[in-house]
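Shared between the two complexes below is chain A, which pairs with chain B and chain C, respectively.
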Partner chain A sequence: MAIDQQKALLFGAAAAVRLLLFTAFPSLPNLLTGRVEISTPVTSFKRLQEGVFLYTHNVSPYDGGLYHQAPLLLPLFSLLPNPAYHPFATNVLYTIVDLLGANALMQIAETGQTVSSRLFTSPRKDLRWSSLAIGASFLFNPFTIATCIARPTSALTNLFVLIAMAKASQGASITFILALSFASYLSMHPILLFPPLLLLCYNMRVTKARTPPNPWAYTLSHVGGLALALVALLYTSALLTGSWEFLAATYGVRLLLPDLTPNVGLWWYFFTEMFDSFREFFLGVFWLHAASYVPGLTIRLRKQPLFVAITLTGIFAVFQPYPSIADATLYLSLVPLLRHLFPLMRYTFLASSAILYTSFLGPAFYYLWIYAGSGNANFFYAITLVWSLGLSIIIGDSLFAALRDELDVERPELRGKEVRRI
Partner chain B sequence: MSSVRDANASSNTKPAANDSHSPPPIIKAAIAKKQPPPETSESVWTRRWVIFSFWAVAIFLGLPVWWKATAIYRAELPLQTMTDWADGKICKPVFPLRIAVEAPALPLQDAQHLVRTTQHALDDLNEFSAHHLRLMLAAAPFANASQETVGTTNDNTIEPFRVPRDKDIALSIRMLPVESGSTPRSELQQYSPALDVYYTPNQIPPPSSTSSPLATFIANELHKVFAEEQATLAHLLSTTSTAHVSKIKSLSPEFSAELERQSTRAFKYAPTYHLTFSLFSPTSVPSDWEIESALQQYLTPLLESFSSISNFTVDTQVQLYATFSPSMRQPEFDAELNAWTLRKEDLSGFINAAEWPLSPSIGIGPTINFVLYVPDPSQSPLLVKENGGNSWLVPQWGGVRILNPTVSGGAPSTPAKLDKEALASAMHTFSDQLFSLLGVPQTPASLPLRLTTLTRVRAASLVFSASSTLSALARLYKALPSIPIPDTVAKSVDLTTAHLQLACNDLREGRFQGALENARVAEAEAEKAFFERSMVGQVYFPDEHKVAVYLPLLGPVAVPLVMAALKELKSFLVWIKRRE
Partner chain C sequence: MVSFFIFLLLVAVTSAAASSDYSERLLLRPLPQSALLASFNFRSNESSASFEHQNFRYFPRSLGQILQHAHTKELHLRFSLGRWDADSWGQRPWDGTREGGTGVELWAWVDASSEEEAFSRWLTLTNALSGLFCASLNFIDGTKTIRPVMTFHPEGHHHNSSNLHLLHGTLPHEVVCTENLTPFVKLLPCKGKAGISSLLDGHKLFDASWQTMSIDVRPICAGDGSDCALEIEQNVDMVLDMDRSKRPRDNPIPRPAPIEEIACDASKPYNAEDTCYPLDKGEEPDWSLTDVFGKPIRGACPLTNSDGDGSETVCINVPPERSVQVNTKGSYVESKHAEDTMRCYQLPTGDDFDLMLPSQKMTTGLVRSQPPLTAARSINGHGQERGSIQAVITNPSLTEYVEFVYLESLPWFMKPYLHTLRARVSTSTENPVVETYYRPAVDRLRGTHLELLLRIPPVSTLTLTYDFDKAILRYTEYPPDANRGFDVAPAVIRLVSPQSQHSSRGTYLRTTSLLLPLPTPDFSMPYNVIILTSTVMALAFGNVFNLLVRRLVGADEMDAFGPRGIKGKLTGRLQRLMRAFKGKGGKAE
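Showing the complex of A and B:
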């Protein structure tokens, strides 16, 4: 009961902070919407409004070449009153999205899958934060709040990814598949989370059920379910827009990167400098690079599938074509689940100072480049490199810690001793 | 991160044994003794699977992407045909000119005989076989339609004879019997392609003779009329294509140099030229000129007569307070001429390119500039020192004319407005300069003949230029195997060869206007193919540079992959050996 009260208090406070920011600073949402760090061409709320406008005027939303988001968002947002005049409904929607995300995150924390799964139990399994603390770290993370106020559609992707993780760690197959298919439908790359989450879901199923299901049949049925859900979503979209052109405008844009608007990722600068004849090849290389972590990590850390999924969200926050701080938020809010690994991590200070440093210098350098004209693109790109470096340090360090953690189980006599790679 | 995957423990307790600096030999020995415990087979297989998964992505996805994304698309080009065009193997341009002989006063047999003997005489005179004058008897306006003509070998040439002023007839000879004056004599019409030949009836050759003074005379006159055209074409053939050199027998070096000079002076052929007429004055007057009506009266008829070859757009401007460029030597007063003079070598600096707004090109097509300069009254009259002239031509750029103000009441004064009469002389100068700049030949006196000559010369030069562009493209195709050739280039090449063939056929059949139009299309397409933008992207991109593209990114990724694979391979070989 006390927990429920605290949870209500936490959610109430978080909702109040958001709604207060929305109403007390009416210009803040538009300011943040225009920031390249939060709004990318594929998630921007402004572009969504453009698409909704075209959609409500019976013009194909993809005709203008500005809208690159999923078609099913259009009926949802066209139901809401126009955010330019009556922003309250939209604000409430995004607040609810955040609260639901926090709820899903707390569900993940309550299952404790990060510290002890079916095949692996960390020796430091008692070292974990309460689900309330983890929910609070998500809800009061300044990045999360900024994302919520800037209203990019990646907030929805984050929500569905969190729900998919929560449902997978509860072993709820159908909701897991539905949530993951929504996330993939909105942003494409979450589909790569399927292998580790499937493993997680299978683990839960095995622990719960008396007779463990046949792994092959289980995999096949889930792959089929995911494919079915995705096909249904895509087919509905095609019915809604009247043609299949949305595929090229949404997923095509993510794959081929035609819009080189600066963002916090590594792709835009690289592809502005790229020779045209090598562009396609390096698009392939970059995508394969991001995707190649999935099988390797899943195989190596197959005993800790949730950890793999968390790490993959971090990798996507660094290596996807249009990342924003919304993607980093997702990873950073999942990292507190790895509290038991913190003692084993070696570069926490370096990583956190790099993240803080770039959070302040990034906007400043962007201002110097775009508005003041006293800097150039390299200023901003250097900062985004450091930002990616900071995230990569956290990813690499947590990976190291997880491996060390496994080693401690395998060879308990080495606990607390220095390790060395050979 | 991949390095962390392979993390393993060594049970050494010595703090000195970390990675950053190598331990002293004693400690090294200690480490060597303390071997890490053997790996469990599970972890070995995990590692193998991880390495395999990375390699699988690289090989099964990476390699196809690499193959697909870096393949260079090269459309097929008809290389042999393209080279053959440039070598003149496909088309040997010939210029059969039809010359109609109108002899209404002569009986048919006599006229036929005259034409036949004149043709013989003409053939004897001709040294340049590609340029061939063919005489034919034209139907007199009111003559019987059943009249047969000489030189008609196929049916389709009969039709034009009923229409005396056919476009494909290069020249008409009108045989006019006269009783007085010296005969035979000839007169070339200035504004129509016609040569009047006056003869006395007794000069008509008798049917038995094979030659006659009248026939020789006509042949000589014709040869004279077309001498410059022949020379120009011969010159063109000799300079642009090696295959034709043997045909030209006599082309004096002086004449050749003169033709060279004319052709360097003239603009390259363009379907549209832009004419800019500018009035420059160092003072505030004249601030107005009746240029529109002057152009209407003096230039428009000329431009209209040109319309079959090129089109023109015209604009005008007035610039006041236009100063000479500071680097130019200022005009000097010459007491002998009682005039201010410009030295001939300074004329090239007369145009103040930095300050006078004479843009190099407006829109499509080259711009021809005509500058009318009205000097300051205190510096007039302004003349060229060496020859006292007041106009000159700037090769491939335009013409300049100095309009000295009229002297009225002792002191020269510049009118505020230049009227049409004041501009008349300048307009005549500009017309002459325009002709030179467009490459119109100097002779013969008949303007239509000069224009048709220009049509033939331009058609021939366009055919040569398009052919040589084709062969250049073919050489480029062979020399640079790494450049992509898009389909548009292949299409342009096909269009070029098709239109070249049409132009060649037109030339052979004497349809010079059609030949010019086809050659124009061929040239435009050939240029489009050669200057295709997407082809040159990788011209200066040798294979070595690819290392610089691939290595910085793929190198660091590849090293751990390759090293891990090698290590696994080695342990696999050891395992095989042990089994044996």
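Showing the complex of A and C:
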């Protein structure tokens, strides 16, 4: 079929670009791995290599302050040849991860759940891009390529989040639960995607099945399934490392932020400058703030659960403790699914110029602070503020557009008219 | 050839006297480029029985009670400054066993039943010693304490070594100065009033190119392990620059001598009368104890033996042809050892004693013994984000392999990547790393502890490198001079083979300390950061919250809803008031 040929061509081109970059610039992966915008203390590939080194030399990687990633990554990466000498296997692995992610993203696009779901159909449902275009926008996004070359483990998290979304929008309960539990196991925060995705999965189930399942039983079985999968993963990890100390070193670090290495988020400089007596209080406030979006969005936009899930990935890209552009790339590659909302968005120019502005000035200001010494920490901090602001404008704007879209269905007479919030 | 052997012979003093006694010895040895090594050694014993009963004779009571309180069986404390220049000065005094890294270094064997108890006793010890020596030893906390595995071995004889815990701490940032010397001298029985300790003056000691003060307490027992004594050994070793020391204190700035007094090299062409290439006279400079130390020795300490082994308190290690004049009113005894290269003196009691060496043209010199290993360590890379450590260790021996332990104790905010550790030997491709012991750092709890057993072939250089990341700290964790950087403790190297022939204590050397610059936040604006970050979060949250809780209506329907909320009511009233006011104004017109 023509579509399959095009898809093969797209994937082949994307893989070729990645492998070409890996082989033509052998120092590029290590250069990008060192960039704070891509690698955070909880996802860095260099730290992963250190963890694998300690693991293979029978030193517990969690009895130290360097390795904060999930234990199951250790045996996986210790099976691969040492990337310092034979990087090819690792490169292929990360390329495949990107391709699988694109595949999942195209599956989401094919279900069309963003424009028409069980309870809601957008009046602009014909305005959408083909799945190929969406896959291409993911695969050829420079942020995605940079993430792939830098090899942080957040690429794996992104893959599992995309698979969970794809499986939920196909109504495949078991694979959805498994993918989401893997994503949560790797990065903790994707567990907050469970309520909207569960709703999405339930909707699909109701559409497909002749007899709709009891919603309570359905919820309970899925919560139980997720808990079971997570407990199994954690228990396997404990068996693997011999103790439960990995919990404090992985999830504890995300919760308490002991490592203040700069990143593109809002937390690091805030907690560098925070007074010691208020540190715990503000850690609680920040986490509460990040989690508070889940119930609000899920309840208000219960008719469009996939839109809620997409918006939440954007919120995580701004408000999680160790965000990187890998998290932003997940959100930015999901935004094209909302093509039908673009005409209703008001600040597209402002948001896209803020993102572009920070993408170019961020590395420059970081250089001025760390290497040239002609700027101070405030330079990079200011850029991270603008970056967060730019992303949150897209989030807020798309939310407005989604609500406006719903309004057009409720009150068709207001189509094209100016609206106010009351 | 005149041998330097005797200098090392003196180092290997073996005394196992169980009775309480006291001895002191000063060894002077001129080094190249008008440097002078002065090694002070003070040693006293106390039998275990009287120590247990707090019956102190020569052993300092203040230190003894601290050791008893902290259950410390063996103690080594070092205060050091400067760098030993092995290229021109040769082998280190005492084979490096009595010196420490820059700053303060402390290690001790503490008697405790568990690791936690050992650590709490260690904290007791550091806090007490901090008070005794006016040093910041109380800042040796968990992040600066390690438990070395291969580098240190007890020097004393311990009966039940299973309960002994070795703890090691360093303070590389500590500046050693007079306030540390005064309590050090107070521990001596003669307290700097008589004997060689009367030469110890802060002005000269801390003006030295290199100096180290050490205190070592260890139990020594007779062969059958019954007749035990506690020995305290205090050392001060320093390398003085004689030209610098001889400058008068009221005129310390060096000025060129008048041109008439300088012998010029006549073989060179001159273009003016006032230029001169000084002629190297090839003479040993003249010096005396009074010139170099600012004062003569104030007689013998009366507590030392007046005859026998420990009676010769001042020794000078010079070639036999060098003339040495003694200036004293009292009676002294001179004796020569080791083919006349070592001249030792019994000091007069109660009278000043001075040694004077006139300038002299020499035909023979002393043979400098070569160090078995030389080491240098540095930080590579630029920027405040990451870097790498490079240690270059050279084995100069033509025939022998050298095996040694390399110990690093790094602060927690320097995060090494062990998988990047590379050890290369210049002459062979075999891996020089024999054994590795590694304990990674935990943020704010403990530092990195790395011990490597390495082996270098003859005439080779080993290059050890590893990468590290620099952490950014909370703004309250930076010192006031944050942009100066943080000190990293010197690496300690212990030779495993070949064994030192001179003493059973082993051979040690230390690299210099390193300065590690960390990225700094802006210290002036915690409030601004809190406000700006909160503003961005409030913008995002406010926008989303506003959209979620409010309803959308058409702009033309707004009036139908009427004024709402406090703001709406207020503007409504204001508009009514304005209308009323305008109406009145209209009437008046």
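Quick note on the criterion: the second predicted complex is superposed on the first by the 422 of 422 C-alpha atoms of A that agree within 3 Å, B and C clash if a C-alpha of one lies under 4 Å from a C-alpha of the other, contacts with A are read in each partner's own complex, and residues count from 1 in each chain.
Note that in this section a residue touches a chain if its C-beta (ideal position, glycine included) is under 8 Å from a C-beta of that chain, and two chains touch if they have at least 3 such contacts.
Predicted model only: the values in this text are computed from it and were never measured.
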{"item": "Combined model on chain A where chain B meets chain C, clash or fit", "value": "clash"}
{"item": "Which of chain B and chain C A:16 touches, first, second, both or neither", "value": "neither"}
{"item": "Partner chain in contact with A:399 - chain B first, chain C second, else both or neither", "value": "both"}
{"item": "First, second, both or neither for A:296, with chain B first and chain C second", "value": "both"}
{"item": "Partner chain in contact with A:281 - chain B first, chain C second, else both or neither", "value": "first"}
{"item": "First, second, both or neither for A:407, with chain B first and chain C second", "value": "both"}
{"item": "Partner chain(s) touched by A:248 [first = chain B, second = chain C, both, neither]", "value": "neither"}
{"item": "Touched partner set for A:272, first chain B, second chain C, both or neither", "value": "second"}
{"item": "Touched chain A residues, chain B compared with chain C", "value": "C"}
{"item": "Doubly contacted chain A residues - partners chain C and chain B", "value": "275-276, 289, 292, 296, 300, 395-396, 399-400, 403-404, 407, 411, 414, 417-422"}
{"item": "Of chain A, residues touching chain B in the complex", "value": "275-278, 280-285, 288-289, 291-292, 295-296, 299-300, 395-396, 399-400, 403-404, 407, 410-411, 414, 417-422"}
{"item": "Of chain B, residues touching chain A in the complex", "value": "1-13, 15, 17-19, 36-37, 40, 46-47, 49-50, 53-54, 56-58, 61-62, 65-66, 68-70, 72, 484, 537-538, 541, 549, 553-554, 557"}
{"item": "Complex interface listing, chain C residues touching chain A", "value": "382-386, 412, 415, 417-419, 436, 438-444, 469, 471-476, 519-522, 525-526, 529-530, 532-533, 536-537, 539-541, 543-548, 550-556, 558, 561, 564"}
{"item": "Residues of chain A touching chain C in the complex", "value": "34, 36, 46, 49-50, 52-54, 57, 59, 63-66, 84, 258-262, 266, 268-276, 289, 292-293, 296-297, 300, 318-319, 369-371, 376-378, 381, 385, 388-389, 392, 395-396, 399-400, 403-404, 407, 411, 414, 417-422"}
